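Next come two complexes built around subunit A: one with subunit B, the other with subunit C.
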Partner chain A sequence: MADRDMNRDVMNGPGMAEQAWVDALADRAAAGGAARAAALTAFADLGLPDRRREGWRWTDLNPLRSGEFTTVAPKNTGKVPPELLSDPFAVARGHRLVFVNGYFREDLSDTSGLPEGVLLGSLAAAGEQCDPFGPDTGFSLLNQAGATDGALVRVAPGVALSRPVHLQFVNMDGGCHMQTQVKVELGQGARATLFETHDGVTDAAYFASQLATVSLADGARLDHYRLQDEAKSSFHFRDLRAALAAQAGYESFTLSTGARLSRNSGFIRFDGAEAECGYHGAYLLGGMQQADTVTQLQHAAPECVSAQNFRGVLDDRARGTFQGCITVEKPAQRTDAQQSIKALLLSPRAEQDAKPELEIFADDVKCAHGASTGNLDPDALFYLRARGIPQAQARALLIEAFVSEVLDNLSAVTLPQDGAGQLRDGLRARMEMWLAENGTGE
Partner chain B sequence: MAASQDTIEKAEALGESYKHGFVTEIESEFAPKGLNEDIVRYISARKNEPEWMLDWRLRAYRRWCEMEEPQWAKVDFPQIDYQDAYYYAAPKGYDDRPKSLDEVDPELLETYEKLGIPLAEQAMLAGVAVDAVFDSVSVVTTFKDKLEEVGVIFCSISEAVQEHPELVRKYLGSVVPYSDNFHATLNSAVFSDGTFVYVPEGVRCPMELSTYFRINAQHTGQFERTLIIADKGSYVSYLEGCTAPMRDENQLHAAVVELVVLDDAEIKYSTVQNWYPGDKEGRGGIYNFVTKRGACRGRNSKISWTQVETGSAVTWKYPSCILQGDNSVGEFFSIAITNNRQQADTGTKMIHLGRNTKSRIIAKGISAGHSQSTYRGLVSVHPKAEGARNHTQCDSLLIGDECGAHTVPYIEVKNPSAQIEHEATTSKLSEEQLFYCRQRGLDAEAAVALLVNGFCKEVLQKLPMEFAVEAQKLVGVSLEGSVG
Partner chain C sequence: MSEVMLKIENLHVTAEGTEILRGINLEVGAGEVHAIMGPNGAGKSTLSNVLSGRPGYEITAGSISYFGEDLAALEPEERAAKGIFLGFQYPVEIPGVAAMSFLKTAINAQRKLRGEEELDARGVMTLVQGEAKKLNIGADMLKRSINVGFSGGEKKRNEILQMAVLQPKLAILDETDSGLDVDALKLVGEGVTALRAPDRAMIVITHYQRLLDYIVPDFVHVLAKGRIVRSGGAELARELDQLGYGDLAKVPAA
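After this line comes the complex of A and B, so read on.
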């Protein structure tokens, strides 16, 4: 239990780095009501995590302690590159919320034609905030104290959003932090699809943090696809807390290619029986990039099914870290939980660390996890080359096949018509872009 | 099958009581209670140790004073008061130690007999050299002559300090440094006795070496230190088996085992651990905090750990392999059975440093009653470990709905040519298989013993013959009362 352990040995009070954050956020927290002020106080007590905490042993947070990012990002009304505003997955035209530097940009957003019973808009405008369950971390508290805005998606019982919702976060300035939130609530039997994109339009370093809460009532279904392509020098921290009621369904896939250091942390709790969750991801990294994935699936109700599939492709000196924990509590009989993490190391200096963890307190369960790490199969490469395919192309083919194992299994049931196929094509196109830039050379 | 049936009968005959629970009334000589520098000096002086040994102990003690007890393991037990224990106990009359088996205190021999290890008999019949540790001092060493013939040194570590100081000085603490961890450091400061084995170049040890450890005197933590060195091209198989008498108070056991393997040599280290696990409510039982580590220093060297952990109230044990030499191999085969209120946090570390190093891990955990069993392991491939290969398989079996089974593997890969695979499954005893067995006239317990033996078969097969039968029986006895 990464986060539980994290709280076990709390740092001895706030240090310099923490104080800088507290000072920077004091005004915003004071103006934002009791909840924000309480979060900042709690942050001051808990402090930023460090490597001595179990859940952070593979992640060096010193750059975030430097005080470089404590400034709140300025509002930026500048022009967003038009290619970013096109539909990232070429699926049916969707509703759109755009946030630049953490502030809602109504001029770029489109919420027309929403069916009745759907609330889609800015969290700040609605006067709401995420109220996350689960263990606090320094970063979740920091976000609660200082988030500028975020997306609110609330769907009434029985309503199905036929068009996907595109949540777009664009960061355009360096030397500052952008903190946003995503709050999703689906009523009984409601359905929705979310596309979330995170892009950076600057070469300067920034720190983007996002806290997301997903609450699915009985029989609700959410498909949630994310593309993280932050600026290569930036830091991207995401903390998801999802709660699934009976027979709810949640599918999530994150493709990470950006950020110098990204942390994608997901805490998913099964509160009702027969809920299903597919929580997947892939990261394609080069240079000195690091992607840190943390998953915590807490099965608290019987007969739930969870599957996690993650793929990492690591070139140059990139590093992938994965900490995945499946907890099966005593009432969660007949749980079926599966987890797989596979990584490809393309370069001698790339590194993959994994900690797939099982915590099981119920006896009638099926739980399995698998982890493997290796490089491209030389026999397969030889086979392709023997058939006249150039080295670079052969490598790209094999890498694509490796990641496609996850992509091909995305069900995307909430998308209309051939939505799933288009989604896969869209994601694959992103992957090919990455392969064209990296990973094909020797 | 026959063995399992036998187990059930025995278990039934014994009822609730622990098979090996009795106290031998032999007067012990105690050091005063508590731990301080004087105690460390006392232990060292009692053992007539040279100055360097005392210095080493004192360095460890001072380091220990600055250390904090580790809290990360998934085990839960009351805080141990390290000042409320005796750190040295020797059976009286140590100074005029017996020259042969006949001179051994008959009561002592009877103890072994009750344990089902008639020392003399077993030594002769089975061809096993037994260096029996009773409490802290080696009382009897047999088959020494035969081993001496081929040049194998097999003696207590206190003896080795006196007679082979150059070897002890060179290797002691070279695998597990005195500052390694809380329990190992405590052991380094106060270790009472243990086994020393040196197998010279090119020698294949002619017999299985074995030590039976037993905790006897009340309130005495036992701190063995084992050091085994396999020189170039040699081979040795070492067996360690443990039982302890019934006791109400928790007893501390913090042992350290160090293995050093040079070029082309191999050590096979097998353990059956069956210390008193406490009663049904979790009262009493041994705290077993062990540091076991082997270094494959040479090319083509190999270490194989096999363990059957059925006893102790709390187990904290991670036999590890440091694969330094090119082409070296590390293996870890483990069965951990917990019942009633037992807690086990055990696993292994495989550190791949050399090229083409291979490691294999098979861990089977069986939890029953209210017990908690955790596999915790690390597979680490360093940047220069070209062509490293690891396969890990962890399977957990749950019997009853009050127990827990956990898996916490760490995988760190810094070389792309490494092939690392980890698989883990958790399941419960199949109702169908149980039904099938019962339908054929096996009672519930016999059926469980049979199925569990089948579940652990892969590991049981790795045990030396002498242990395999005993271990198979233990599997059944340990799970007694888990179904019904």
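After this line comes the complex of A and C, so read on.
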């Protein structure tokens, strides 16, 4: 596994970049209460991770350290492209929260017709913040110190949110950072579906970061689908902390096509028995794009089931990295944990790195993991061409089929009526857009 | 003789630096069924691959003309759109692509290349289901990924279904009988025979005579060491079945 630009880290004095962030966020943190101020102080101590830190050796953060993104994004009341605002669930007619540059846009949002017991709206308006469990990282602290706003989804016990919720984050300016949060709390037996999109409407580079906390009480169920299509020159860092109580269910799928460097980090803790989690994703990358996927599934209770299926499609000099850790603690007997990462390399210079880790302290568990990379199967390609399907279309068909192995198996149980079909169609449409621009071969 | 559809002249082909076909001459007219038989390693599959345009083969001498056009200049998909169909010896499994949607894609890709109007989902469905029924292919098989988990017989029936739906002018069936039991062989043989037509030619490549009990050829050619060493009528196949290829392979090419 080749490390790119390894020696460049050493040249940059650690601390200088961090100080620029601290200065830029000092006023905001001071005005935002004790928690923000404490987060900023802790960030000043801890700093952004460098390559010597565990889990970061494949990721070059120097472009972020340049100081180019320390300015807080301006409020932007401009027009959001209408195609972004079309309802992805026309049949189900979803609720919608729109954030532009990290600020809530009430004028574009729709929270009408919410059932009783559902709180859906701006975190800032509610005077709340994410309170993440798990270890602090430079990014989580920076976000806690500097987040401008975010989405709050709180569903009372026994309440089912029958329409999907679209959480939409649109970034429209460069040379700044957008830090947002998503806070989800489902009471006992509550159900909800989130469809989260991250779009960039600018060619200029920006830094978007999001901290998300998901708390599912006994028997609660959350389906959480995400689309990351940030501007191609931008940076996107996402840090999820999800805690599942007994018999809770969580299904997540992230499709990433955007950003120059993105990192999708998920820490999922099984606190109660018989909880289930399907944590999946796919990334389609070209050019010099890099997407990091980091998962940490901590089985702390017995008889929980986790499945992780990731697919990477890498063209040009794109790079995918996957670090997946499954921990099974001693009380977590009869855990069933499965992890799979498969990458398709469309170009000889594309690269996929994978590091699976299993830490098992219980003695009666089922754990499986697999990682593979490969090229498009020339026999399959010829088979399709021999039936009259042109080369570019045949390649696209095979790539789509490769990702569909995961996409088609999403259960999407909380989606009403034809919602699951619409979800797949929506994600597939984005995939096809990507394929039309990339991946069709020389 | 009927209209010449395919004319192969002095065809020499190498794969990975090894010469496999060493001067093939063959003419196929509309409506004719030609069987090409021969021992393993004779070059039978190379011939079918070269005709359908599989990458990895180099024509070092000679020519292939199809309706007067130089076939070598065409991409595999262009050949398919112009009516060339290869029934694969080993149909490829493609996870994630359902057999039905594959057929729809293939039909419309060919129509598009030919400048014809595309068929809608309903039109394709009607066409496919009608042909599938004749080959005893159920709806569940069409919903499954192409060839994934299909038995040997199902794979070959699926090939014939594709042929029936795509209505080629020249069908090349590469060892369609391999891996089939007696019942499946009969079903496939009858399926192919039903597709014989005055404007359609077929090249049936096989190692054994048994498929030719169902698809009775107009001409039989023996391929050995990259050349056609003998040609005859349907009776030649039966002769070969009794005597084997041993002596024929020794006969010098005419």
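Structural remarks
In this section, the second predicted complex is superposed on the first by the 424 of 442 C-alpha atoms of A that agree within 3 Å, B and C clash if a C-alpha of one lies under 4 Å from a C-alpha of the other, contacts with A are read in each partner's own complex, and residues count from 1 in each chain.
The rule we apply is simple: contacts are C-beta pairs under 8 Å (C-beta built on N, C-alpha and C of every residue); 3 or more make two chains touch, one makes a residue touch a chain.
Keep in mind that what you see is a predicted model, and the values were worked out from it rather than measured.
Partners subunit B and subunit C fit side by side in the overlay (superposition on subunit A). In the superposition on chain A, contact is made by A:L346 with subunit B only, not with subunit C. When both complexes are overlaid on chain A, the residue A:E54 reaches subunit B alone and has no touch with subunit C.
Within the superposed three-chain model, A:E357 lies in touch with subunit B and out of touch with subunit C [touch as defined at top]. Rounded in steps of 10, the angle subunit B-subunit A-subunit C defined by Cα centres in the superposition reads 80°.
By the document's definition of touching, of the two partners only subunit B reaches A:A368; subunit C does not. In the superposed pair of complexes, A:K330 makes contact with subunit B only, with no contact to subunit C. By the touch criterion defined above, A:A380 reaches subunit C but does not reach subunit B. In the superposed three-chain model, the partner touching more residues of subunit A is B, compared with the other of subunit B and subunit C. Touch criterion met: A:A401 reaches subunit C, while subunit B stays clear of it.
When the two structures are aligned on their common chain, the gap between the nearest CA atoms of subunit B and subunit C comes to 16 Å. Once both structures are placed on chain A, no subunit A residue is touched by subunit B and, in the other complex, by subunit C.
By the touch criterion given at the top, residues 71-72, 383, 396, 398-428 of subunit B touch subunit A in their complex.
The residues of subunit C lying in touch with subunit A in their complex are 52-55, 75-77, 79-81, 85-86, 88, 91-97, 102, 105-106, 109-110, 113, 145, 162, 166. Interface of subunit A with subunit C (complex): residues 377-380, 382-391, 393-394, 397-398, 400-402, 404-405, 408. Note for the complex: subunit A touches subunit B at residues 5, 8-9, 54, 330, 333, 343, 345-375.
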